[in-house]
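Note that the chains take the letters A, B, C and D in the order they are written out, and that residue 1 is the start of every chain.
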Amino acid sequence: MTKPLIFLDPHPRNEMMVYDQATEDTLNQMGRVVAHFGSRAPDHLVDDILSEVEIIIGQTAMPKERLDRAPRLRGILNVKANWEPNIDYAEAHARGIHVLSAAPCMAPAVAEYCVGQAIMLARGLHTSDGLFRDGSEAYGIAGNETAYSLYGADVALLGYGNLGRALAPLLQPFGCRIMVHDPWLSDSYLRNEGLEPVSLEHLLTRPKFIFLLAGVTSENEGFLNRSKLETIRPDSSVILASRAEIVSFPDFVELAGEGRFRAAVDVFPQEPVAPDDPVRMTPKVLYSAHLAGGIRPSYARIREAMLDDVGQILKGLPPLRMQRAEPSLAGKMRSR
Amino acid sequence: MTKPLIFLDPHPRNEMMVYDQATEDTLNQMGRVVAHFGSRAPDHLVDDILSEVEIIIGQTAMPKERLDRAPRLRGILNVKANWEPNIDYAEAHARGIHVLSAAPCMAPAVAEYCVGQAIMLARGLHTSDGLFRDGSEAYGIAGNETAYSLYGADVALLGYGNLGRALAPLLQPFGCRIMVHDPWLSDSYLRNEGLEPVSLEHLLTRPKFIFLLAGVTSENEGFLNRSKLETIRPDSSVILASRAEIVSFPDFVELAGEGRFRAAVDVFPQEPVAPDDPVRMTPKVLYSAHLAGGIRPSYARIREAMLDDVGQILKGLPPLRMQRAEPSLAGKMRSR
Amino acid sequence: MTKPLIFLDPHPRNEMMVYDQATEDTLNQMGRVVAHFGSRAPDHLVDDILSEVEIIIGQTAMPKERLDRAPRLRGILNVKANWEPNIDYAEAHARGIHVLSAAPCMAPAVAEYCVGQAIMLARGLHTSDGLFRDGSEAYGIAGNETAYSLYGADVALLGYGNLGRALAPLLQPFGCRIMVHDPWLSDSYLRNEGLEPVSLEHLLTRPKFIFLLAGVTSENEGFLNRSKLETIRPDSSVILASRAEIVSFPDFVELAGEGRFRAAVDVFPQEPVAPDDPVRMTPKVLYSAHLAGGIRPSYARIREAMLDDVGQILKGLPPLRMQRAEPSLAGKMRSR
Amino acid sequence: MTKPLIFLDPHPRNEMMVYDQATEDTLNQMGRVVAHFGSRAPDHLVDDILSEVEIIIGQTAMPKERLDRAPRLRGILNVKANWEPNIDYAEAHARGIHVLSAAPCMAPAVAEYCVGQAIMLARGLHTSDGLFRDGSEAYGIAGNETAYSLYGADVALLGYGNLGRALAPLLQPFGCRIMVHDPWLSDSYLRNEGLEPVSLEHLLTRPKFIFLLAGVTSENEGFLNRSKLETIRPDSSVILASRAEIVSFPDFVELAGEGRFRAAVDVFPQEPVAPDDPVRMTPKVLYSAHLAGGIRPSYARIREAMLDDVGQILKGLPPLRMQRAEPSLAGKMRSR
């Protein structure tokens, strides 16, 4: 029996991220591997494999006409964390092709980062070192006048997808009351998860911690505009963790710079940020350069989950680890 | 029936910390309150209350000759987090006087701070903002070359008292393997708590995260000397959270400044640190000015626990919330 | 706009189970409801609704030719806990119709029952009352010679689906080591869930508690035959909770009756069991009459989950609460 | 240096329970052991060891005059689960002697038993087997008309000591709302434990599950009299787990026999119960012969905890595993 054809086209993921030696060995045991790195696979290479390919690992464009030419295709494993618009999700679903993303594998690292950022903002850990080095530190309670804590805090999650599900357990031992606004989830589902469904208005005005975890869709781009941002409870700690496009970014940074709320920003509308972008000068914001998710252990998780689910699919079993595309939703997502 | 005499002598705690209006009202319901703030109560004031006092809240020196003159005394509630050497612990115990400290009330805030510090050091959150503002940031995995994570990490606690017991649950959802070295606790006790007892050597050389949480005793001052510190696993994140005196401080800071390990330092041998202390210039260390414990919610916890335990003691019941002095150990502790 | 047509055909579920007043009211708000109770809906009624129906709640047979006539159908919510062979799962999937079952709603009640049965068998609670009433009781350790405990026990789950996922959290505070054998799940998936994947041989021979939780498929009927059952660790507690057909039932009961292992049996090959079935006389087995899942709170969960998911589907959103059919697996299940 | 003298006088505990070979070996490493089994040690033997004994393991009577003759005594480790009135607790405390009991070691087994009993009563598992054997079983919901569940239930604990602390975590995954009435504990302490402090009236009239876990003191004997028992919410499941003396036993059994509430009874005013005691004939009650705590793993826990704490005490460190006598409370306890 011929081994199944597995096609790797993971750019911008590189070999170190998704194809280390152990991964290569395992994939070679499971199938015949054709791999292309460094760019999206050229058309002729895709044309070559379509008639036989059973598994695609990567972000190869798969519109209907390509799916039509791939009769043996059983799984498309997107090793990025978001849904690209280059797949015909409905058609793939109709053909019983599993379309998966690696979002759950990046979520733990992002959740950890979010906890770090939240504690820094609330407890003043982003400024304590500078104050000490300047000799302008104050000790104990005198230095803690504006400090607050996650313990027992009201916390809001805007969006309860992979990131929210990874973050909630980290907040649990702090005894937080966790509110969620997610228009894709029903109130009783959230309550069964031990979360409190709230309106967007409530989410902005009540809690002391707000984690912005929603993806960008064709419907929500920039929906957190200036007037909404101005309703945020003063002095709250706001962590922008998923996609910069969900907020009106200049307003968000400006309000944070004015001290209207505390903010941590890891994602930007354009990356890299231009050298002379004034955003770099805005005071008070805690910046980082899209560092929350992309650490080595996240790629190890991707490799493990990917191998697991390739194995399941080739056995005719449902995938277990990566996230399945919801045809009704994946098409709405806006990727870069 | 005369109401019991309650004596408040909480300096350096002030009224805002331990005697807000609600606390004052509750104590006045339970007894006749004599309070002194701003300094340790003068001798004549102590002399006045000894014969009748039933509860002392504060750090009044209580050597045997004063205990001898306080026949009705039932509880001494130290509202600081450590044991001072100014009490005859054995004599108080023999008289059935409950001697308590507020250490458990400060521990959650310290544990939260420790988690923040650990994530900062491991994930580079103490430097990301500066790099971004300098325009020298790298994005994603390129900026994460030296990043590591708490998830699944080997973590060590030096000392498993109030701080360790508050910290362990915060680490639990990260799936850490938690090692403890504490010469006052038996191995099987630690194993029953789900912790791994390890030698000091093992604690320094193996884990990627080390939390220094031990108190200072007459026996352990400076015991983490340069040669021991040099065995720490390279690039580990070391959080000095309890008392600076357990390490050879100049060596600790020097090694951290050389990048031998990553370090967060919240406590110092002398506080405030002298303006020209060279420690302020040491690079790489993440400093803060003894800010980990002393936030408002910690004082709210102290007030609540103190009222609870005064109530219990006055009813002839055991205290529940504050920590009880172990006569065999309290006398060994070194306070400032 | 016309309200969507919702068709109820839930037999053998009756109105009390799935259509109480509150449910009726909510469904009527969401759509036009056509309901049939007391038998499977007759063909002419189904024929009447097919062209317009958007949601089917119940077990209506839906082969391809009916799906072809139901162009607006978006969801089939089977309110039983298993997959019937009367749906063309692949075709429904290809059409983007959500096919759901209520299995997750019954699982908590079954898991609770399993815990009760396991403690009874291990601790002798199924015999203690009779011994006491006979006057042949022994007190304390003398009466506990054969007792054992869930604390720290090796526990095995045969099958880790809805029942396993409901049972595992109930075992967690006992500190059990939980082994799983489930050929549909990968080892690394199970390890990530904190479970230990084991072979069937290991599952039978090692642990002291075995929970039989697998569904019946065309492949596994009767696979726990006499020779396999004879390898069970002597004196283990074996709980038969899902489907009697996975074991060779006469052998299972006979071996349990001989004291080869302890057994609780809630499910039978034929229900009701014949009045003169010799199984009724077999000593030692702890019997119950398929009582584990079907309690009132289970039906309340079904009603809530069903309303939730009807709401999601009608909004074009993914269902959240009920279980989705895996086309590759649902077709293998054997229902009665 | 002479090894410390350790005296064993554990009757009614026997060698199998507290002095297996491994325990004997460890104790012999730590000290010189003098042991007496089969009865309380005779006076002359006690007289012989008093002047040198450092550790007593057992229930030796230790009034003041004996304590006066035991100047080196540092610990009394009662290997039963209750406080006997034969020790001068205040005097022992004043001398700095650790007085401990094994109650925490028996609690897990009792808690497990309680969960089993509660599920049996609520789900009908105490009658299902008999009904099936009689051929009078009903299947599924028809057989579950009076069944209810622990999931989401209101549960009450009368007394929150060792048993309550062991039981609460087992109830946690069922999502129970746990109410506690315990006059020795403050409301805010209970709230901090995640429990709801309630009055005795509330405890009897509201919840569906009542666990009677209180010890007997000179103050509470028989305090749950007929008029109080008659206020119990009809059809509740009441588990009598600690001491029969806290209820008016004949009334309790009579009311349960009449079906006023469901009841499980493991403890009796006199044990063994007389052969002709009419209590044996009372219908409906689920009886067991004081089997909840005394299983082998409980004794293993006692041995481990005892060795741990002997080791701590001999090192001058506080004990960690066994329960410390509260002088103000231990004297109130009524043992048999």
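Operating definition for what follows: a contact is a pair of C-beta atoms (placed from the backbone, for glycine too) under 8 Å apart; a residue touches a chain by one contact, two chains touch by 3 or more.
No experiment lies behind these values; they were computed from the predicted model shown.
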{"item": "Label of the chain whose CA centroid is most distant from the centroid of chain A", "value": "D"}
{"item": "Distance from the mean Cα position of chain B to that of chain A, given in whole angstrom", "value": "37"}
{"item": "Centroid distance [mean C-alpha coordinates] between chain C and chain B, Å", "value": "51"}
{"item": "Residues within chain D bordering two or more other chains", "value": "none"}
{"item": "Chain-chain contacts as defined at top", "value": "A-B, A-C, B-D, C-D"}
{"item": "Touching residues (chain side chain A, partner chain B) in the complex", "value": "17, 108-109, 112-113, 115-117, 119-120, 123-126, 128-129, 131-133, 135, 137-141, 143-144, 147-152, 169-170, 172-174, 271-273, 275, 280-281, 286-291, 293-297, 299"}
{"item": "Complex contacts: residues of chain D adjacent to chain B", "value": "90, 93-96, 184-186, 188-189, 192, 304, 307-308, 311-312, 316-318, 320-321, 326-329"}
